[in-house]
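Chains here go by letter, A, B, C, D and E, matching the order in which they are written, and residues are numbered from 1 within each.
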Amino acid sequence: MQIGNTFMVKPNRVAASVFFLLAIIIAGCADGQNSDAVQPIVYSHYTHVEEGGAECLDCHQYAETQSAASIPNIKVCIDCHDEAISESEDEATLLMYISENKKIPWRQVYSVPDYVFFSHRRHVKLGQMECAVCHGDVGSLAVPVAEQYERITMEWCMDCHETSNVSNDCYACHR
Amino acid sequence: MAKWGMVIDLNKCTGCGECVTACKVELNVPVVGPEESAKGRTLLCMDILSTYEGEFPDVKMRTLPRPCFHCEHPPCIKVCPVRATYINDEGIVAQIYPQCIGCRYCQVACPYTVKYFNWTKPEWPEERGAALNPDVSVRPEGVVEKCTFCVHRLQKAKEQVAVEGRELREGDYVPACVESCPTKAMYFGDLDNPKHMVSQLKKSHRAFRLMEDLGTEPKVYYLSEVE
Amino acid sequence: MSERQHSTFEDEQLIRPIEQTGPGFYLMVAVLVGVIAFAGYTYIRQILFGLGVTGLAQPVSWGFYIINFVFFIGISHAGTLISAILRLSKAEWRRPITRMAEVITAIVLAIGGLHPILDLGRPDRMLHLFTEGRLQSPLLWDVTSITAYFAASTVYLYLPMIPDIAILRDRGTRPRWLYEFLAWGWRGTEHQKKVLERAINILMVMVIPIAISVHTVISFIFSMTIQPGWHSTIFGPYFVVGAIFSGIAALLIVMIAFRKAFDLGKYLKLIHFQYLSTLLLIMSFLWFYFTFAEYLTGFYGHEPNEMRVFLYKFTGDYAPWFWMMGICNFLIPVVILVNPKTKKIPGILIASISVVIGMWLERLIVVVPSLANPRLPYPTGIYIPSLTEWSLFAGGVAVFVLAFMLFAKLFPLISIWEIQEGREKSVHAVAERLKSYLPDPPSEQLLSEELGNRR
Amino acid sequence: MEISRREFLKYLGITTAGVSLTGLGCDSMWSVPDEVFEKIGGAPRIETWETSVCGLCSGGCGIKVRLIDDIPVRILGNPLHAVNRGGVCPMAEAGIEALYNPDRIRQPLQRIGERGEDKWQEISWDEAMQTVVSRLQGLREKNAAHKLAFFTGQDNNLSSRLNERFMQAFGSPNLFVFDQSKPSTVATYLTQGHKSALAYNFKDIEMLINFGADFLDEGPSPIRFNQLYSEFRNRGEGRNVKVVHVDSRLSRTASNSNQWLPAKPGTMAALALGIANVVIKDGNYDKRYIKTHSFGFDDWRDPSGNSRIGFKALVEDNYYPEKVAKITGVPARRIVEVAREFGAAKSALVLAGGQAINSSNGVYTLWAIECLNALKGNYADNGVISVPKAPPFREPPKINVDRVAANGLKRPDLLQSISDICFADDAVAFLPKTMLENQPYQIQVLFLANANPVFNAVNQSDFAAVLEEIPFIVSFSSSLDETSVYADLVLPDHVYLEKHDVAYSVPMVDFSHFGMQQPVVAPLYNTRHTGDVILQIAQSLGGTVASSLPWADTKTYLDDHLRGVYETGAGTIFSERMDEDWLKFLKERGWQVFEYSTFDEFRQVLLDKGGWWNPFPDPTDFRRLVKTPSKKYEFYSQVFEEEIKRHLQTTKVSKDEENAVLQKWKVEARGDLAFLPHYEAQKLRDNEGRFPLQLLPFKLITNITGEGSNLPMLQELFGLLTRNYWQSWVEINPETAHDHKISEGDMVRIISPKGSLEVVARLIPGIMPGVVYVPFGLGHKANGRYAKGIGVNPYEIFLEEFDHLSGMSSLTSTKVIVEKGNRKEMA
Amino acid sequence: MKNDKIIFWLQIASVSWIWIFVLGVAIWILNLIRVAHKINDALNASVGISIVAIPVFFTLAAILTYVFVGLQKDKHQGDVRTNQTGGIDSSWRGIK
């Protein structure tokens, strides 16, 4: 019998366990909407898209070629912002990141768990889907994306797959 | 629909264990450590079975690589209470980790013992964390896992093929073990497609499957050794 | 009226434990709560650290939890099945026994039914059973059939309790509201009696197939797979026989325990024990017969994988447990119960305990050796349960004892109205019945004289 | 088991992660590790592949590294690489863990505790370099350059040649190579007078007899041999190679052979000569070759007219099958069968390794085996055996030697003073013997690179004692192994995935080739390429040392060498289509496979494809290579006679003197016999039977060098076939086990006169009765969390026996007793 | 009297609860059948189980309801609460 090593547990671990269980319950009850993700830079899609005339793919460069669309970071930003082009405070922050060669710690709003195979290429390139179907009219947002336009849930994915007559085999997405 | 299957030529296999390692690395199969291992909790989605025949000095050691056999009539899927394991249209016996409740019934029902349970939460050194295969999920604790025929490669291959605007060809999709076999003893492809090597090899007089009498119809064929 | 008064005097003893509580009770409760708390703690640990805290591993991936599941569900057959069969067959000596048997069923079912949850690697995903369950899986058959059995046996426990609850209500026993609530307005009118009797009769008939189905279905968990040692058609009846066997033993233990604790010697007479232990003896032979049949087919067929499991049980790592099972389930009960000298209460107790242990071992012998001997050349696994599993087993037993004690604190353990009914009606009814069995009147007079003499 | 704050935060973290994930259809209870989750975020996950060369053993397999967003995630074989052709072994596959090993040294370390206590403080590179340089300068100032010693590991890459060069320029003869897989060349020298490493071409052979070489598990380049052995069985009807394996353990190599001849350990010479006996009797040998190119086959007369015994007479008189059967335990019938087949084969090859070499009579065994090859005429130009040329690297400029260096180089090296060994040059195991006595002088500074004798030498405790004594030790290891813990200063090297190098001349490969190692990832930690460090030290030392090593860094040094290949235009870069016919077709027309017009382009293609090879070596002309007194292949070794003369420094040796020398070298035979291959029974201590069993080690493909044990993946797969993960075991024949009352899975104690080990018993019918086997590779006392304290190291209890001709450790001379321990293994 | 009301409603609730339970089981099984039908997975097994299981549950609920309703009929018969002498066995009071 293996009593020894597995069973030497001190009370504070018990406390942790209780806490953990409570936390699970709370977690279970909490609505998981990825709400108010605070972004390090008050980025305006509106300024870039509507005013600046940028296309989604200009910055989210990999949406047509890779699984991940990628969130642009300084390497992408520097193409236009090699020097200040406005008087915005946020651009100054950006330039600071660029000059210090630090990654902008963007908070990711849209994500799928790692057991889901989601490919932008498949949806954007092969499926010819508009970005707005999932992400909404991001271009009109003057503030950074803080919450999901459509909650990315399995049901939501599956509904769309069903209506568009795409495979709903578990192994089409799960892995 | 393709019926994916594998042929392992035992005459070519030397039992080097590369397929096992390749599988562990590719599928992010956790290393459980010495204590857990001593309890018999080593996870080997791909394994090599070894047996000795005869007595000294006329002994023969036989090695047999053992993936999941992806039976055409898998006994494991019938007993799954939540559909976490099922056989899909392409003949791959799936294990959906987020669906599995960890009852281990499938593990118990599998006559080949190819299913493994994550008894503890997989742990990786912090340094290694970022270098796991991003194509495969990290299993949570408490679920059953198994060889998936590297289905993540199929998912990617299908997409790649669609981008290139062509049909899936032999070799577009092979599991990690087949890809890395140094002696090229493993073949993979569509068993129903007469053009694929596997569908020809399975008709060989050397071809056999394990425990055919059970009626599970494994999709992994072996080619026996030539004496 | 005077007769009734007389009887209440008599049965006062059955109500006393409800109204008076000794220090022993609190002590016992404290100990049991301690055991349960420890089990709860180990279970929380299991949730936190995963099933790794158990002794399970590849290839023995089912162990104590499943063994105990089958074992507890087996015990549950004591109750309803015995009481229903005895009631159905109008065995008069059943009257002081049925309630206890039914209580065992209800409690043990609840405990056993929860065991698969202990066994889950991901109890947080339990809901998947309800949202995406798959009725082809024997596990869901279990869920369905255990739910049905639990519902039926609780109802079957509750309905015959209504008159007794009404007695307690009328005595003003606290908590009064509880008895008021549970008595469902029983006044003992003829109509009410008729309704109740009819309901009990229907239930009685219904509960037997349900009970049999439960254990058959549990055996299906194993026999539906194609594993050596499991894949056998005999498993259904084999499990049912084993279940009734262990159920009777458990019932005997409980009876002896409460006879001692509540001083019920007046109600639970030696004859009850002897009748029941005769039943136990029969079941022991039956069990042996089934075991023999089960192993003979395996041995005779000599299929290599089957033989490996067979030899593993007979001579391998599990041989001590296997032979101990044989001794506990067959040798000890038969030796004790065949001899009238030892067929007394201490002997019966020993035999019953031995059978309960033996039947637990039987579940162990069914579950582990088949898993420990995979068909392909893997290493055979030796399963050594960890403290977590032991403590949860102890916790399960403790919950059973505690629940039984609490039940005894709230309700009479022996059905008062059935005893009364027995006193009032049975003698006449039995006489009537006997008359109907016998060849037509040799002499009606003689019979009545006989009865008269006895009175 | 206190709950740490960190752990608590982890719970908290998991829970909060759960909260944020519930909305994503993800479970709230457990979630993916944060690291992984983070990785998923933001980045495009672009997959790229880089080629390189595996650096975990000296096999030099080409690898292909998969990178996701420039993070290496997987290692595969480079299908273009001519040595391993796309295959890699488990060790290479697990190499990714070497990169991310949590116990890697991340910064130069200085010892603060006692020697070997494993207490360190981090220091800067500048500080560390200053310390080293000032120490070295001190040596040179005192005109004591020879007091610097350098222990290195594998030496078949260009950066280790830099070490040689440095030592020469610095002025020390004391560079020693600790490479376990280096084949012994003594037997070749005795018969042919040259010390070239031989290579083998298996293309046209019909039969192969392998004496003890467990190629499939221990290499060199095991995967190449796995491919070869697999191919042997699959050439097609009638063209398959018949492989006979001689060993006392049914290793994987043996089980992949057609026939297994279990010969008792240390008796292989007898078996080889027994086969020769049958072959000669049948007249099935290459008579033309023997007649024209060999010496000492038939009886002969020496210049003084004495009649001398030849090989034929020796073999015919002494090694008839029945006698050999008695010695070896192999039935005479089997010997005759194999010998007949061997004789009849048009082209047959005999190879040796493992216990054939590592026994106290190893040289004579190898010698006997070489003679079998000679009988088949394999040292003629049939192409079966060859001596591959090194790639045509550009020769670096001559080393400038100043006065100090010249003085140092004049001094004898540490091994030259050893007289009880015939060929002491490579006898690194004897180093402690001289160093402990400070003979011929005391070493002041020791450099360690990839050498771990405290773990993998039979006399490891002596090495530890030596290290205690040396005033200043610098280790270039990237992890703190058993030897490095004795260092004063650790200057951590990159892991092979982070550095440039060129690996060439993999042992036994019959064509010249090299593989390009290149950094696939920027160094993760503050480590430096040892080559760069050496160059920098040379620069700091200045003078001729600096001018002899004029390169700014290793990369330019390597490029300099590669220019030679570029300029000669020989061979070809690895290409997709490797079939030789096609390459030949191109070659004949003077075409190149790849287009490049400058060196830089050439280099780029080289890096892309992984390396270079010359598939058409000129056949080796052994007639010109053989440098024996008779200018022929010598069955009777006059080279050996010369060696004795050289040893005694006379031109004429009396019988007594000769016998005294033979006595010193522990050769039992006297007279002519000593100069002919023959079988000498092993000298096993304790013959009274207190230690009834013979203990031998074996190696596994999952951890060939023993250095893989700090990779958890390899530890978990260590005993894959016997299912001993993370543990050592002993393989015993069931009968032997029964005699010793041991059953499967028992914990047993193996006791030798030197010590004891506690391991699990595995009863395996493929083991010769009376012999027990323990795998080598585990039992580390240092080398990180995954290695330390796991399993046992059989070398710890091996007796310090040597082959006194070659100086190799004997691994077959230890007798042990196996006792049942008290607890049963949990299975 | 107010207590009686509360208790009565509680009794009603408990009887309803068994119906909710039984209906829940039925809905659960039917849902499983629906899913099985949708993805064409072992429909026959599901239907087979449901044919046996659902009636059993309903019969149980029906029996319980039948008893409850039956007992309610004579609920106040011989209600001796007004004269404070007890129920069917008013004599018990005296004993105590």
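Things to note:
Quick note on the criterion: a residue touches a chain if its C-beta (ideal position, glycine included) is under 8 Å from a C-beta of that chain, and two chains touch if they have at least 3 such contacts.
These figures come from a predicted structure and were not determined experimentally.
Path length between chain B and chain C in the touching-chain graph (shortest route): 1. Of all chains, the one whose mean C-alpha position sits at the greatest distance from that of chain E is D.
For chain A, the chain with the farthest CA centroid is C.
Counting C-beta pairs in contact across A-B and across B-D gives the higher total for B-D.
Centrality by C-alpha centroid: the chain sitting nearest the overall protein C-alpha mean is B. Separation between the centroids of chain C and chain D, computed from CA atoms only, is 69 Å.
Here the spacing of chain A and chain D, counted between their Cα centres, is 50 Å.
The distance from the centre of chain C to the centre of chain E, each centre being the mean of the chain's C-alpha atoms, comes to 24 Å. For chain E, residues touching at least two other chains, in rising order: 41-42. In chain B, the residues touching two or more other chains are 39-40, 42, 50, 78, 83, 86, 98-99, 121, 134, 137-138, 140-142.
Contacts with at least two other chains are made by residues 26-29, 31-32, 36, 40, 45, 826-827 of chain D. Those residues of chain C that touch chain B in the shared complex are 49-52, 54-62, 116, 119-123, 125-126, 128-129, 132-134, 136-140, 143, 221, 224-227, 371, 374-379, 381. Residues 1, 4-5, 8-9, 12, 130-136, 140-141, 144-145, 147-148, 151-152, 155, 159, 162, 166-167, 169-171, 177, 180-181, 184-189, 191-192, 194-196, 199, 202-203, 206, 210 of chain C touch chain E in their complex. Those residues of chain A that touch chain D in the complex are listed here as 8-10, 12-13, 16, 19-20, 23-24, 26-28, 30-34, 61-62, 66-71, 73, 106, 108, 111-115, 148, 151-155. Residues 5, 113-117, 119, 121-122, 125-126, 169-175 of chain A are the ones that touch chain B when the two sit in their complex.
Of all the residues in chain E, the ones that touch chain C in their complex are 3-4, 7, 10-11, 14, 18, 21-22, 25, 28-29, 31-33, 35-36, 41-42, 45-46, 48-50, 53, 56-57, 59-60, 63-64, 66-68, 70-79, 86-89, 91-93, 95-96.
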